[in-house]
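One structure coming up, written as structure tokens, with questions to follow.
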Amino acid sequence: MRKIDPTECEHLVSSIELMASHLENVAKILNKEDINSMISDIMNANSIFVMGAGRSGLVGKTFAMRLMHLGFTSYVVGESTTPAVEENDVVIAISGSGETRSVADLGKITRDIGATLVTVTSNRNSTLGELATTVMEIPGRTKDDVGGYLERHMRGEYSQLTPLGTSFEIASMVFLDALVAELIVITGASEADLKSRHAKLE
Amino acid sequence: MRKIDPTECEHLVSSIELMASHLENVAKILNKEDINSMISDIMNANSIFVMGAGRSGLVGKTFAMRLMHLGFTSYVVGESTTPAVEENDVVIAISGSGETRSVADLGKITRDIGATLVTVTSNRNSTLGELATTVMEIPGRTKDDVGGYLERHMRGEYSQLTPLGTSFEIASMVFLDALVAELIVITGASEADLKSRHAKLE
Amino acid sequence: MRKIDPTECEHLVSSIELMASHLENVAKILNKEDINSMISDIMNANSIFVMGAGRSGLVGKTFAMRLMHLGFTSYVVGESTTPAVEENDVVIAISGSGETRSVADLGKITRDIGATLVTVTSNRNSTLGELATTVMEIPGRTKDDVGGYLERHMRGEYSQLTPLGTSFEIASMVFLDALVAELIVITGASEADLKSRHAKLE
Amino acid sequence: MRKIDPTECEHLVSSIELMASHLENVAKILNKEDINSMISDIMNANSIFVMGAGRSGLVGKTFAMRLMHLGFTSYVVGESTTPAVEENDVVIAISGSGETRSVADLGKITRDIGATLVTVTSNRNSTLGELATTVMEIPGRTKDDVGGYLERHMRGEYSQLTPLGTSFEIASMVFLDALVAELIVITGASEADLKSRHAKLE
């Protein structure tokens, strides 16, 4: 067994602190009109479909699962028993860049069907941003990077501490879970209601 | 189309702030010896397997994907081409309660094979905690709940703001991504290295 | 580029012929009472859940998808938006040996909930066979192997031609698709009905 | 509980017999040059990637799993730890029509990367057929339908007995498992070798 020199874990701790700080910032600058539009889209939909590639797709699955717990009819695009999208459905696309090719293609089909398309992205001016009926912008790395917390505190280590799409993916997951909190209040669901729908076979 | 009364989004904002505050707390109280033990397990393993049920399983997938980006040989238990676990491998089980039945069963098999078992959990004194060679404790809801931020600020709304296992799931995801940051420094990987391994077909 | 000696493909051709012959045999010896019992379980269920490990699990997913196309409410155990099983639901477990540990564990939970458990297996006298309310036996390798087509024609090459659970997995898939054919007639569904429910986002 | 009239299962039995007959036909008319080309592509590849949408994608997963059992490095496009495709890799696309949009898009990217693309399809003259370096044609419904077994025996019930892509999906699965049989002989693998790589955590 190779001996690994013990680390002071300073990068790990900095990375968590950086995400905490990023989330505080996100809480302040989210656009409330967009949030209300997204809530309205979800509440009015017949069924809610979630899609995304890679880690954004996994974040989408955590959200679709909670929507089911809340009593909504929700599906993940690409899973086995996901049916055809119809006009009265909403499709929620998650893509940091807003340019993920396959997701953008499905976004176009969504609009052709006449269904509502919500894009959760850090880039409003993107293919998926422009296709969407509602754009829910989650500040990701680019926005943060300039003259903010990162420059002041992280001395350029940002790409090590939250590489690739990490900051968008975590911020999206926290945002979507916070949206669940809002939906719990709106629908009057209790934690026991959620638990009763939670899979018993797992 | 039903008209939904616009909301001030106060529960959504509180939920994000609560998670940010929780993460700051997590950054402070993580056990550095456990982290070093987990890092050593990963660095010494032939292959790294990740498993978990439900949302914890999805968090596990985001971590396994980043390990692959970093150049490690990593697998998700239950995916199509995941091979047999062997003695020199490490299996990382993610379970807030440490009691998820199917995951605990696989944890026992892992130990019978002679492989290393790391349990990421908020409950050290659990079946998976006791089976593990390394327990990586991530404070979840219970720990936070007493006399801390929640009681002082949230006045009992905690279960609405981060229902079920939400706080553990997000804290695990942020912790595991922060562990990736530490591993980036240890292995000397650059963001370009990670990007070069990122799936091109998605 | 390595030059691979061209093959006459005789093992490939023999393997397909062997499966064709096996299926003809399966068509003859399936127990019609069991089939009617399984049809009745499906028609009476509120929701239909399908589960299995490895390749049997993938066969289960192809069946769950077709049930959805047919208009049934169907789910795959372990997918993101699969809800809690309830008393009026049926759970279909697919396991050649009938002994797959995790599936058997979930079979027990299914019965504890009071839901109907159908086991599709080549081994009636197994844990999952004994737990089930309906056992749908699909002859697999063992049954076939003695004094039948294989001994007469294959001269002991059987394990090469359909290794591990291959013959059960294919026979199950063909059987379940044939059950879909029967359900199409019973429900009066047209191919156009099925197509209209087929996922448009894929 | 609703009483379902017991059925003589004649459609179910006919559907299995039809598939058996179809497979016998497939065994006769498969192009051996294509098979040898596909075997050579697989044997020479660094890594083997499999992709497909819906039920074809599930068939692809059963094949990727067996390739891993055989000792090949294989991945399923879209799973968590699937890395970047590189020049010396082969990508196997499964699509009955050869026109599945997202799969065709990924086929284009595969060729742009310079990797080998094998298309398993019932339609050689399709987008994926034309993109491929090797086309492995599996006769599906169309081919069978004219003047053959179906017309003579099934009196137009074909679309009920094997609706949508069923006959292609099953024929592909049986073909790919038969290809595994051929690869077992070529590589000299024993069933015990396969079993030793089979997932122990499931």
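Going in written order, the chains are labelled A, B, C and D, and every chain counts its residues from 1.
One rule holds in what follows: a contact is a pair of C-beta atoms (placed from the backbone, for glycine too) under 8 Å apart; a residue touches a chain by one contact, two chains touch by 3 or more.
Quick caveat, the model's predicted, so the values are computed rather than measured.
With C-D and B-C as the two chain pairs, more C-beta contacts join C-D. Subunit B and subunit C have Cα centroids lying 34 Å from one another.
The centroid of the Cα atoms in subunit C and the matching centroid in subunit D are 18 Å apart.
The residues of subunit A that reach two or more other chains are 58, 61-62, 65, 78, 80, 102, 106, 198-199, 202, listed in rising order.
Taken as a graph of touching chains, this assembly is complete, with every chain in contact with every other.
Residues 58, 78, 80, 101-102, 105-106 of subunit C are the ones touching subunit B in the complex. By the touch criterion given at the top, residues 1-4, 6-9, 11-17, 19-21, 23-24, 26-27, 30, 32, 35-36, 39-40, 43-44, 53-55, 58-59, 61-62, 65-66, 69, 100, 102, 159-164, 166, 169-170, 173-175, 177-182, 184-186, 191, 194-195, 198-199, 202 of subunit D touch subunit C in their complex. Against subunit B, the residues of subunit D that register as touching in their complex are 49, 51, 61-62, 64-65, 67-68, 74-85, 91, 106, 109-110, 113, 196-202.
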